[in-house]
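For reference, the structure I am asking about is given below.
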Amino acid sequence: MELFMRFLIVSLTFISIFFSSTVFGKGHLTYGVLMKTLSNPFWGAMEEGVRDGSKEAGVAYYLQAVESDQAAEPQLNVCMTMLERKPDVMITAAINSTILLPCLKKANESGIPVVDLDGNLDHDIAKKAGVSIDFTIGSDNEAAGAQGADYVAKVLGRNASGPVLVIEGLSGNITGQKRARGFANRIKKIAPGLKVVASLPGDWDRMKAANITNDILTRHPNLKAIFAANDGMALGAVEAAYSAGKGNDIIIVGVDGNSDAVKSIKSGRLNASVAQLPYLVGKRAVIGATASLNGLKMAKFQFVDTLVLTKDVIENNTHPLMKFVK
Amino acid sequence: MSFLEIKDLSKSFGSVNVLDRVTLSINKGSVIGLVGDNGAGKSTLMKIVTGIHKPTSGSILLEERELTRISTSEIRLLGIEMIYQDLALARQQDISSNIFLGREPVKKLFGINLGLVDKQKMDKDSIKIIEDLGAKVPSVEYQAGLLSGGQQQTIAIARALTFSPKLVIMDEPTAALAVKEVQHVLELILKLKSEGISVILISHRLNDIFEVCDRILVLRQGQIVADVIKAKTSMNQIVSYIVGAE
Amino acid sequence: MFLKSIRLESLYVLGILIVTMSLLSPYFLSISNFLNILLATSVIGILAIGSTFVISSAGLDLSVGSVMGLAGVAGAVVMNQLELNWIFGILACIIAGGIAGFFNGQLVTRAKIPAFIVTLGMLGVARGAALLLCDGKPIYGLSNEFLFLGQGRPFGIPFPVIIFIVVALITHYILASTKFGKHTLVIGDNQMAAVAMGINVNRHKVKLYAFSGGLAGLAGMIFTSRVNAGDPTAGLNYELTAITAAIIGGTNLFGGKGSIIGTFIGALIMGILQNGLNLLAVQSYYQRMAIGAVLILAVWFDQINRQKN
């Protein structure tokens, strides 16, 4: 029996080391931070931001994540367990808009405010489920799309005309839709000559994006620009365009600002990527939650800037947001 | 030395002993009837002879060559063929593919053996074999599964006879046939005997057994309980061996 | 020789699609667009060829999508991190795929675990291994020689299309005209008969799964070269598309029947559908419905035809 208990304690210790990194700050407030996964540079940068933010705010936090960004139900279980530790705030990046609602409702009932990290909750659905969200913080995906459009209009000129292709994410995925919509609405407004001739789902798949690019080049050989809802698909489109001998004629823009995109931009293939700044999102989530606890009234949506990375921006490295690009 | 010699052959599946020290020998050109109740071990014994199952112990010699350690395809090459109760036909493949199943002739392409099957030769030979058996089929490119029961039987027999076998084992070849077709199969067995080919006939129909066999072996619970010359026995006696009354 | 192997039903569907698309889009009917379709079909098509062999033998390989992802990453690691020549990159892709398939075959035949379970397990194992190998991050930026395999256009024909057609021709003859192919169909048709006639069924199955894995590796190589990155998420859900193409092409899901030219047409049908819907800029939800509907339609035609016989 004793041996069994010892074994249990040892394995529990290992499990908690594996799944969580607990950092104790100097303050008496402790926040529960629940992420999707840590095996991804995006969430790694977010975690860094949370760490620096809690230092600045003088609070402690404990952070947990599940094994993949598909593990919805395990995330709910982890969430419930986190509540047992009675955090002062729950900061959660839900895997989808509904899975965490039972847990967050329970948090509200115990008087724990909820912060929606990276904009994964839908405020209306949450309200119906009896969950009140203190505030949502993350990138503004529509604005990111619009920034992409601004860049295209700047390079081609506002009077430019010609066909433009939009490659969406997984069909039905809200993030990809917002980016695509943001791009399409803005380009219509500022460069009406550039027409979005097709907006098709690339399913976050590089090769599907390459295939779509080929298909649309068949129909519109004079294609002027491509906006893809993430960098992977944008890079697939770049390869297809170069392989068709049109790499230099088409402006291609992605979203994320990941390291592959940066490499490609530096080598002059990808034109631009609208970079998200997860470090800033994480940091401001903690600082904002602290301010809210201290009675400051927070706007329901806190948007963190996105930055258009181009060859110039990367090489000059003078843009004030560049230091947050991880 | 006999043509086929089985010595102390035992087989168990897990803890179930299906065959228990079976010993028998068969002479060249004889027709042997193998009878016994369901589960007596007849099919298992024959599947060990054809190499599908490996025995737990014991040996089988075909013209003094040990069979228990070689594969089914090698045993077929040595001249043992079996016609299975379910006929073992590939129903979606055509007739000639079934006849040459496992022994497809290959042709060389520019002098290189690429394993290309010589379909023309297969079709041509199949037509001849079926004609020799006095049977008719719509076309050798017809799917085997679309043929009648008797026609399918013909294909299975044709397959067993194509490569001049020395021993043909038939497992219930007449069970599913009409009376006229049964007679045809029995005549075929006698014809094989006249050509010096040995036959082992497994059947529940003692009439058939008594019509064509020289010798009758009775298996009961994995053991040979009787090995008698047909002329010196009667149907009643065989039945009592089968059920264990004698 | 070819004509005999083609199922009329899939040709009907192909014909209807080509006519419809030509009427709907003036850009559809051109050589360059046709090459586009073949290019877009090449990866799925090569996976579908492997699936045709396995399904014809009454097996199933659900792991091809993941194995192709693993193979692509393996190739990229060999070239970019071990800094070996691009030829080793190609070999790494194909060998990695072949090894994964070999394990599938061993588990199916020796451990006697159903193929569905084995390859479902491999689907997870291979994807995990791909992520592990590159730490979850795509390996971007490959050598120009390697990129030629996916992006080069000798005589104006995209190189993957050449690979696809050569592979299809060779494998067509293997399945239709060699002992290996005949035995594959017989095993799928009646495994007991194959055993009774002296075919070494287990060894044959191991070869089939290794072959399917090797082809998945080749597909992974093309993918990697086309998008200039060893992407650990490459090929997600491709196994289902590959099986769909094989089934539309007339492969019997329960074994015993299948032809590569049929699968080629099946893959082409799906490629044309996707291409046409892209040219028409049809919204994504309809695209999914259309592909599902064509699968049902093609198999339905097949049923009607069989009942007539």
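First chain written, first letter: the chains are A, B and C, and each begins at residue 1.
Definition applied: a contact is a pair of C-beta atoms (placed from the backbone, for glycine too) under 8 Å apart; a residue touches a chain by one contact, two chains touch by 3 or more.
Everything numeric in this text was worked out from a predicted model, so none of it was measured.
Visitor: Taking touching chains as linked, do they make an open path (line), a single closed cycle (ring), a hub with spokes (star), an all-linked set (complete), or other?
Guide: line
Visitor: Using the mean of all protein Cα atoms as the middle point, what chain has its own Cα mean nearest that point?
Guide: Central chain: C.
Visitor: Just curious, how far off is chain C from chain B if you go by their C-alpha centres, in Å?
Guide: That gives a centre separation of 41 Å.
Visitor: Where the centres are mean C-alpha positions, what is the separation of chain A from chain B, in Å?
Guide: Chain centres of chain A and chain B, defined by C-alpha means, are spaced 71 Å apart.
Visitor: Indicate the whole-number Å distance between the mean C-alpha point of chain A and the mean C-alpha point of chain C.
Guide: 33
Visitor: Considering the complex alone, what residue numbers of chain C touch chain B?
Guide: Listed in rising order, the residues of chain C that touch chain B are 173, 177-180, 182-183, 185-186, 189-190, 192-200, 252, 256-257, 309.
Visitor: Show me the residue ranges of chain B that touch chain C in the complex, using the header's touch definition.
Guide: 50-52, 71-76, 82, 84, 86, 88-93, 97, 101-104, 106, 114-117, 119, 146, 159
Visitor: Which residues, counting only chain C, touch chain A once they are in their complex?
Guide: Touching chain A: residues 25, 27, 30, 32-33, 36, 39-40, 43, 131, 136-138, 140-141, 147, 150-153, 158, 223, 226-229, 231, 233-234, 236, 274-275, 278-279, 281, 284-285, 287-288 of chain C.
Visitor: List the residues on chain A that touch chain C in their complex, please.
Guide: Residues 39-41, 168, 171-172, 197-201, 204-207, 210-212, 214-216, 218-219, 232, 235-236, 238-240, 242-243, 259-260, 263-264, 267.
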